[in-house]
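The next part holds the structures, each set out as structure tokens.
Next come two complexes, and both contain chain A; in the first it sits with chain B, in the second with chain C.
Here is the complex of A and B:
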């Protein structure tokens, strides 16, 4: 099976987030990027499928600072082919990302495309469904388990409220992975360093990015405190009386 | 023409090469002392001497099918008693853990500490930019080398836990104030400092250790200083004994050694009586691994009002707090296996010794022993203090 994993890098929330002077975007100048947690799971799921049923895994990472490291780590885990997609993706939205990736993925003729179901910077919806639309493939999201066979996959999809569904999807298809069947494995530094000496990263140029169709951000801001909690002070009896009054006013007593 | 294919080293050969003097593994007598003295040996499916016998029988894969090697806290007790002087802790045990890591058999708690160390340069997963934040309110100001840009006499390698852990930040602040009080011209690396990597190495992540050492070496080479002192015995051990093999060599002392030599300047400042019956816990990587037993005791003895008592396990026979060799990041895993923590045994010993204060000199220990004191019956009143904190108290600060 020919599996493609799309991995993007997102702002690392260990560092504080600042708003760009435009007031409608994040200030990216000091931000460090980290692999999107859900894409990490998608990658693990791809490797698990390969280990179970054979095939080839191609990892695609749009060009950001740190993309090479993410690709080498993917290789150390078991990815066979590494592609870096050149372009100004730092400020690109998911519509642009999906269109640019679709062009490259089409060429690869995949049976299955995996990506994370969501990311912390999805302002115009997750990338998976848009990518599936560009590729003309079916899409299932919130997947936490995949079985393959007979030109089909069975995806375990999670719904809110503890419901699960098994969905049969014809290949080729795009799946949005919520969780791999096991947590992403640890990759020893020595393994990554070894891979850096031997693995090759292919680069493709995405050309001009087209982000049309996405909603425009009007204003981006830190959460603002609207109202403060009222601290009730006094003796136990005073506090109890005040509480009773508050409950009465609220109509619950 | 015939080409000779490179011979793949057997696991036995790789074990022999795992540490300096690793060849001594051949001299194992199978006496079992190592496994007997190991504080968690009774829980290991393959304690050290058994690993060696399975290596010799070419059945090492059996060891890799188990996970109890992760009970090893790299405390050097086995290495200390080995009559054949085999480097069991840095060689056999660390190499066995490395094999487990390469095979993907890593407890998840440890995995996240290792990933954090890779990405942020500290196992706690904190922002590298905030590494000097603990020092913000101290006067005279603590010099961060990247901003200060002048030579200092002493480069203080603060370490991960003193930089970030809320309880251990107090010991960092105490030591900064003590150094200020005796007029030491010192600086810290702040954001340029990375984890020393020693515990990661002993947890089997040799590649990560080398990566962190290289980053620290780059920082060291950027600034001018006379010597390095460390808060952490693990950092001391790494920089003193492991970094030189990577071409990184600087004069280094643990802060207790450094201060003990400054006792003449320190003593006149220790005017406030600290009425306490103090037991000193010898940290594994200060005492057993590096032979530094007296300087911490000299500092404690110089504090007016302090009565020193010895724990049942003391000096070279000390009992690990449980934090070494990755133990700091395996608390849940080890609890599941043992239902006891080494720190709890140690707190019990402090109670038996009649101590009201447990003095420590390693950043892993204050939080570990304070947590243990909450669970050991009757130990609720036990104070856990870093030596730097007791010195500061004696200065009336």
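Here is the complex of A and C:
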């Protein structure tokens, strides 16, 4: 099984988010980027499939600051081939990313393409379904369990309320991963450092990016809350006392 | 070409999803700003009966055996035919396990722009989308002449999309539904688990802020003292720290306890939509900008790791 996993980096929401001077985009200059957690799960699922059924895993990461580290980490986890997609992806939308990746992925001739079901900065839909259509492959998203065999893949698709559907998908296909069957494995920094000495990152130039299909943004802003919680302050003891009183008022103590 | 606003109805196993009514409500509000009819688009097989309470000016009903259950491939193919023939002003889909699976493909296939995570429309007909876990809003003109929009809940109440009067239903031929590459093998019922968190009056919920598996025990201790049950947001479940039966959120359970005590939960939209029916939400989070403080009744920035032990002691003392 020839598996490709597409991993992107997204703003770390723990950090302060600011709007740039245009007023219509995030200020990316000081933004810390981290691996999209759903892509992290897609990578884990790809490695699990390889461990279970053999094959090759190719990790593709668009060029951002930190892309090399993400690729080397993928290698330390078990990815066989590392590709960095060169281009100005920091400001590119998902339509542009999907088209650029599709060109590279076609050459790799994969059986299965995995990526995260969504990312926190999607504004023109998640990248998976768009990528699938660019590749002419079927897509199933919200997947939290994958099995392969007989030229098809069985994907456990999640619906609201905990209901799941077992979908059978003809290969080649793209799946949007919600959660891998086990948490993404931890690799020690020392192992990543060792990999850096031996693993090779191939670079492909995406060329001119075509972002058509995404909406224009007039302005971005931090939403003004219609309401705000009544904040409980004071020492830890004060806060605990007040919470106990609130529990009593609510009739649960 | 028309000014119509299409709403792609989401339904599973004979049940129309609340999101469908939210979108119909949004479409009604938007039609006041930009005109056009609200048209519910229902895909299914022997499913006419679902359309009786749609607050729509009309229903386009595509009936085909291949549409009996949702699959991305069949839905997408049926919608490609319909949208290219009717050329509506807008097509609204859910930013859900159904709508998100088809919207991106439709966008590429039909060459139509796609706006995702739209929460509401402004009075002058602009989209407002929620990104970065609810911390940033993006606003802009709806691309013309036709645009696809996926919607998140929160902007409109499901009531706004319901009507006592059944709208007129028109059957439309569903074409191109051959050589399908995705099929439903079976549904798998949710894990029942030891407790049903949807029925518990006191929920102690843990999020990413609980940091590691060992710390979940702190929440268990507090829950034991209070007579409540521990549940969690997606990251905690995905780490395997709690079983899926304890998941609160878009893909988990909707809960409505008397008290929902959220420990280290930021309150991303996917989580928020499932807890808004709680009588009282209390949020403990060191990030003063966490979206959860916007809909919690009470909040504190006290570090949960400092707070839990004294809180357990005081809860026990109060219980006597």
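We take it that the second predicted complex is superposed on the first by the 225 of 253 C-alpha atoms of A that agree within 3 Å, B and C clash if a C-alpha of one lies under 4 Å from a C-alpha of the other, contacts with A are read in each partner's own complex, and residues count from 1 in each chain.
In this section, a contact is a pair of C-beta atoms (placed from the backbone, for glycine too) under 8 Å apart; a residue touches a chain by one contact, two chains touch by 3 or more.
All of these numbers come straight from a predicted model, not from anything done at the bench.
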Of the two partner chains, chain B (first) and chain C (second), which one does A:193 touch, if any: first, second, both, or neither?
-> first
Chosen between chain B and chain C, the partner touching more chain A residues is C
Once the shared chain is lined up, is A:34 touching chain B (first), chain C (second), both, or neither of them?
-> first
Touching A:185, do we find chain B (first), chain C (second), both, or neither?
-> first
Regarding the shared-chain residue A:15, is it in contact with chain B (first), chain C (second), both, or neither?
-> first
Name the contact category of A:253: first (chain B only), second (chain C only), both, or neither.
-> second
After superposition on the shared chain, which partner residues are touched by A:156: those of chain B (first), chain C (second), both, or neither?
-> second
Check whether A:170 is in contact with chain B, with chain C, with both or with neither, and answer first, second, both or neither.
-> second
Residues on chain A lying within both footprints (that of chain B and that of chain C) = 14, 183
Touching chain A in the complex, chain C uses residues 12, 17, 69-73, 96-98, 100-105, 107-109, 111-117, 126-127, 129-143, 147, 150, 181-191, 201-202, 226-228, 234-235, 237-240, 244-245, 247, 250-254, 258-259, 266, 279-283, 287, 292-302, 306-307, 310-311, 313-315, 318-319
Interface residues, chain A side, partner chain C - complex | 11, 13-14, 17, 19, 24, 26, 37, 41, 94-95, 98, 117-118, 120-134, 138-142, 154, 156-170, 173, 176, 178-180, 182-183, 212-223, 225-233, 236-237, 239-241, 243-244, 246-248, 250-253
Chain A residues touching chain B - in the complex, by the definition given at the top = 14-16, 34, 183, 185-186, 188-193
Can you name the residues of chain B that touch chain A in the complex?
-> 98, 101-102, 104, 106, 108, 111, 114-115, 118-120, 125-127, 129, 205-208, 210-211
